[in-house]
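Worksheet for the structure shown next.
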Amino acid sequence: MTELLVKNACVIDPIQGINGEIMDIAIRDGRIVESVSDRAEVIDAQRCLTLPGGIDSHTHVCGTKVNFGRYMSPEDMRAGRTQRRGRMHVTSGYYVPTTFGNSYRYSAMGYTTLLEGAMAPLEARHTHEEFTATPHQDMLANTLFDGNWAVMDAVREKNIKKTAAIVGWTLNAIKGYAIKLTNPGGTEAWGWGEDLTSIHDQVPHFEVTPAEIITAMIQANELLKLPHSVHLHCNNLGKPGNYQTTLDTFELVPDLNPDRQTLYATHVQFHAYGGRTWRNICSKAEEITRSVNSKPQIVMDMGQIMFCRTMTMTADGPMEFNLHCLHHNKWSNHDVELETGSGIIPVTYSKKSAVNCIMWAIGLELALLTKSPWQCLLETDNPNGAPFVKYPEVIGLLMSKRYRDEECATLHPDTEGNTSLCALEREMDWHDIAVMTRAGQAKALGIINQGKGHLGTGAEADIAIYPIRTDSVDPAREYRKVVEGFQKTRYTIKRGRVVSQDGEIIVDGANATFWANAKIPEDIRVDNDPEFIRRFQEFYTVRMSNYPVQEIYLPRGRRVDTEAFT
Amino acid sequence: MRVILESKVRKKPTIPIEAESIIPRNFLKGTDLMVYEGNKERTLSELFWIFVEGTAVSPENIEVVLKGDASRIKRVGEYMDTGSILITGDIGMHCGNFMSGGTIEILGNADAWLGREMRGGMILCRGNAGHYCATGYRGEKKGMQGGKVEVLGNAGDFCAEYLAGGEVHVHGSTGDFPGVEMRGGRLTIGRDATRPCANMKDGTCVVLGNVHEMIPTFEKIDRRVLPEWKIIADVYKGDVANRGKGTLMVKIPGAA
Amino acid sequence: MKCILNTGRSVPQGVSVEHKGSEEYRTAASVCFLNAVDMMLLGIENGERIRVSSPAGDVVLTARSAEGVKQGEIFVTTGPYANHIISSETHATGMPDFKSQYVDVHVTEERVMSVGELMEEIGGLRYVSQ
Amino acid sequence: MLVNDVVCPFCGCLCDDLELEVEADRVVRVLNGCSLAEATFMNDTRLPAPIRRTSTAWEKISYDEAIKETADILKDADRPLLYGWSSTHGDTQSVGVHIAELIGAVIDNTSTVCHGPSILAIQEVGHPGCTLGQVKNRADVIIYWGCNPIEAHPRHMSRYTTFATGFFVPDAQRERTIIVVDTRRNDSGGIADEFVQIEPGGDYAVLSALRALVRGKESVIPKKVAGISKEQLIRIAGICKNAKFGAIFFGLGLTMSRGKYKNVRNAIELTDELNRHTKFVISPMRGHGNVYGSNEVFTWMTGYPFAVDFARGIAFYNPGETTAVDILRRGECDAALIVASDPGANFPRVAAAHLAKIPTVLIDPHVNATTSLSRIHIPCTAAGIDAAGTAYRMDGVPIRLKKVIERGYPDDAEILKKIYDCLNGWMIP
């Protein structure tokens, strides 16, 4: 039995309705309890800001694509090297750090749970190997279904049950957590070097549209009673005028779940562009947020970009190729048979570029114009918009109008006319930030009852104590203190153990991986369906028996069972 | 001030030494510097006899002289910004990495990556230079960006790869692929070159000797006199395969 | 005769690659394929031996004519025999010139060494299983 | 007993549809496999026990002794080299990297003399690729460039290309155009619709010419490039541009010949150019079963796919400097640990000879050429035969190798963990 008592913590726990109370947190064997014995180890939080461990609900840190980003970037690897030190292994890389690098840096920022944004089922084993090698965060994997042949066939047949059965079998087989659709239908078209331009275009050969795929997958998701909703990267990412596609997509979404959203729309900044070309691109954040403000069934995340050199990586193959033709830098592409695609290119977001400045402003506008912080979560689509180490700066910008104004003054002159950021007075408070960086994520991912995102009795003791005194820091003025404060916790506690202190990693750690297991009725299970099996064996290049990820790949797996079809 | 470093005889003479601390500026505060021999950290005095002559108040007045066998010593002059280094024999890899000012003179030969990612200053190598003379780092878009590298002997393969600025002058011949991926700057080759300027985007290269295996995707646009060299040269644009706008000038054999 | 040495994989070599002491492997890895005209110029028949030398060293191989090999080229399967004459120079890329080594070819009466003997020539000691 | 859907660990194809008949501790029949697979499973003779070299003979030693002595050799080394890693599973590779980090070693894998140049090229221009099933289901134009699949990857053509039935290519042999480019007409060239015989060392020039032709710059190209007529080049560019889905597979003919990675880079840039007209992908034909896995594991742990130098405590990478052949050729390393590979046979003479001059330890199931150059040889399981673990196929698809028999050997990962523990005990007081 190990016990820990965190005293004098200034706690903000939105899920528990706690906002800035000074209190003690008792921990026994990794969970939060009512009280501990007087033998417990004591940490004095000294009235510093204490939050549930941070949760990133959309980041790219593990798997084939991320590792290929590293593989092709020795120039980035040398940008962030640290030596082996105590319990810390060697790290390399700035925007695509090694697994240790990612984990340590997230840990130093108080993050304890991460959702990998895109995992191709065929290559899931790779993602799980890296999950296991990630010491300090619990992991979940979005599973790509955007170009899944079996799914598209079932959608064409308008067979929702079968769609659900395919999804359920796949998630179980490859130990995925949630449904991810990246440019639905578009990644299959990219198999021929083509793309789709609206949600009503037909996918070549399969005769289904993105709208049909999205609608069917939402229904299948709810039929399976999956903890998370469908997680969508809309069509037409990064194209001027794409906001209309995004609005059209939002209109498809019914409100089907009382506990959480029905659609999670990710990195919406990249989907909120007006104009027709790169020359007259402008912000449509107002239109997007108007739609979201009227639809509680939708949660989005920002997809904030920051000015720096970074790497874009997404399953959206055609988008990456278009971007490559603009930038003429290196380009990798990796299409996955019967499932999805992916692309990677390095980019530099520069204040000299009007387009980049407008993008930067749109991300902030989305957050500031969304009334409920529970509906617009903070992330950069790491590393696409910026590496996650930039989150503290994003927090600073959201909390301080002055910081925004100072930044705006250094931007390309076309920014102001094409966005409304400068006119926005809103300054977020500590509670808003707590929602946007952990509580909102826990609710959106459906992991509150797994003990994530809050500090109630029975919750997992994942806690971040920041060197910030909310009673003495005025974030609107002293935004630099805010940025610094969020860069390094005093303590990051993972399942009751201090894993990082003042940015130093002090234990090796051992994480857990959450995956969803939906119980599917025997009569519709696809692994009993001879036609499904026949097509699998004929068109995949691995045997169906070698496809599932064995439990040995999840040494600390946490299965989340759902009562599907009930 | 002159700092003379004479390498001591080592038990394992083939283990490489990494000595990026050997730049003039560092000797302003003494000779208490650290270097690496393989995976072991050593003091400068463990590996060198150190003689200091005179004093200096600013680094530009410091000359470092490296004597003895320096052929396994890497990264001498890395990030050097002022002062001078004289190497009396051969020097190991990565001499003058990221150099931005000052001068390095090598009386013998230089191993690979001489002047890698150089920004300014001057390197004179009186012997031959190894492969990747005046180039960049793996995966990086730009190689050398400024300054001058002059080699009186020959240079190895991939000389001036990704050259983006500054001047590289090899008086002898180069190996395979000089000026490959060039995007700026000026490369002059005194004698022969094999497959020069493949895939170049921009910049200028002059070959005063023979070209072996000319890349087939260069477009001959002119024949002109180059007064600087007192020769007549064919002028090519390319690399067409790479939408390049670079200039490659090759002396016409026999014409003076 | 001056030639360019090319090396590559072959099935017989791959089949016995985990048995480098075997006769099968020796046969597979020590064959040198030449153009028939070059064989004629050297005045040798299939199965006769040649000594192939380069600045890196020299090795005795069994000559065999092959259709796909052009005049002036020779082909030896990837392995210790080929490597006995390939230079370790990598042009600072890490990769030796496995496919473009300039060599000299002479006729010889000497026999082909075993892999163990080759290794002993460079300082090793053969292991013979009991 | 019959075992189904067994994965062959031999080459980068990692065919996973083999059927094995197993009796006690040996495989007696291999179905569906090529001759390389058959040999892998059936002619599996092992070194029986750890051996140590005295000045004139070999002696048997215990595993504990061998492990202790290996740790002794490594702990004092000023520049140890850890090499191999491609014919084993991911756990072993991962422990290897941890050892390298702990003792400040250089760690390199067999891609260094295989597709290392391809990696250098990818680091310059990226890699437009795909999984093999994309090719199988869609490709109507296949180019094999500088590789000989019939000899080196015998089932590549029947599983993924020429003879494979694909969803959009139901009649593969009729619907696919096969182009083979090589310096010699090998068996693979024999089944090509178009065979292109390049002069040795001429690949780069031909690729440049094709890129210019795809861009419509016909006028620049001379009548002949590296022995290929302009007419043939124009025809090939046309076939590529008119493909619905084209795939280039390339081998050591590009990576090992003059120019090395620049050849590969040029091929990738040709692929890039073709994507402006149609869909085109390119893939290296990776050799050893899990060589791609060693790149993957090295990359997520150190940031670099091969040739990683930990001498300074951080990870440094610079092929040509930190690659195994260069370190051996310059006589830099003073101790070597070789795992699951045979540099004695695969490295040029001078590089291999250095292994005999320093204390070298080999951990490998089989007696090979490197055995003769070693101080100690420790036998272990063979991944995919008597040990299970992860391997990455040439296209990056991770597959679990099966353990099909038990032969009583310790897993190489276990041996290395013990060595790590020994070293760690000494290093951290």
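First chain written, first letter: the chains are A, B, C and D, and each begins at residue 1.
As a working rule, a residue touches a chain if its C-beta (ideal position, glycine included) is under 8 Å from a C-beta of that chain, and two chains touch if they have at least 3 such contacts.
Note that this is a predicted model, so its numbers are computed, not measured.
Enquirer: Which chain would you call central, comparing Cα centres to the global Cα centre?
Expert: Taking the mean of all protein C-alpha atoms as reference, the closest chain is D.
Enquirer: Count the C-beta contact pairs for C-D and for B-D, then tell me which is higher.
Expert: Between the two chain pairs, C-D has more contacting C-beta pairs.
Enquirer: Provide the C-alpha centroid distance between chain C and chain D, rounded to the nearest whole angstrom.
Expert: Their C-alpha centroids are separated by 22 Å.
Enquirer: What whole-Å value do you get for the distance between chain B and chain D if each is reduced to the mean of its CA atoms?
Expert: Inter-chain centre distance comes to 34 Å.
Enquirer: How many angstrom between the C-alpha centroids of chain C and chain A?
Expert: Going by mean C-alpha positions, chain A sits 56 Å from chain C.
Enquirer: Just curious, how far off is chain C from chain B if you go by their C-alpha centres, in Å?
Expert: The separation of the two C-alpha centroids amounts to 38 Å.
Enquirer: Which positions in chain C touch two or more other chains at once?
Expert: In chain C, residues 91-92 touch at least two other chains, as defined above.
Enquirer: Which chain B residues reach two or more other chains?
Expert: Counting only residues that touch two or more other chains, chain B contributes 112-113, 131-132, 137-139, 176.
Enquirer: Of all residues in chain A, which are in touch with two or more distinct other chains?
Expert: Correct list: 72-75, 78.
Enquirer: Quick one: in the complex, what on chain A touches chain D?
Expert: Going through chain A, the ones touching chain D are 62, 64, 67-68, 70-75, 77-78, 81-84, 89-90, 92-93, 97-101, 122-123, 125-126, 129-130, 133, 149, 190-193, 205, 321, 324-325, 330-338, 344-345, 538-543, 545-546, 550.
Enquirer: Okay, in this complex, where on chain A does chain B touch?
Expert: Residues of chain A touching chain B: 72-76, 78, 329.
Enquirer: Once bound in the complex, which stretches of chain B touch chain D?
Expert: The contact residues of chain B facing chain D are 12, 14-16, 18, 36-40, 93, 112-113, 131-132, 137-139, 176-177, 180-181, 195, 198-199, 213, 215-219, 239-243.
Enquirer: Using the touch definition from the top, list the residues of chain D that touch chain A in their complex.
Expert: 4-5, 7, 16-17, 90, 94, 98, 101-102, 119, 122-134, 136-138, 159-160, 165-168, 244-245, 272, 275-276, 278-279, 281, 295-296, 299-305, 310, 312-317, 390, 392, 396-400
Enquirer: Which of the residues in chain C come into contact with chain B in the complex?
Expert: 91-92
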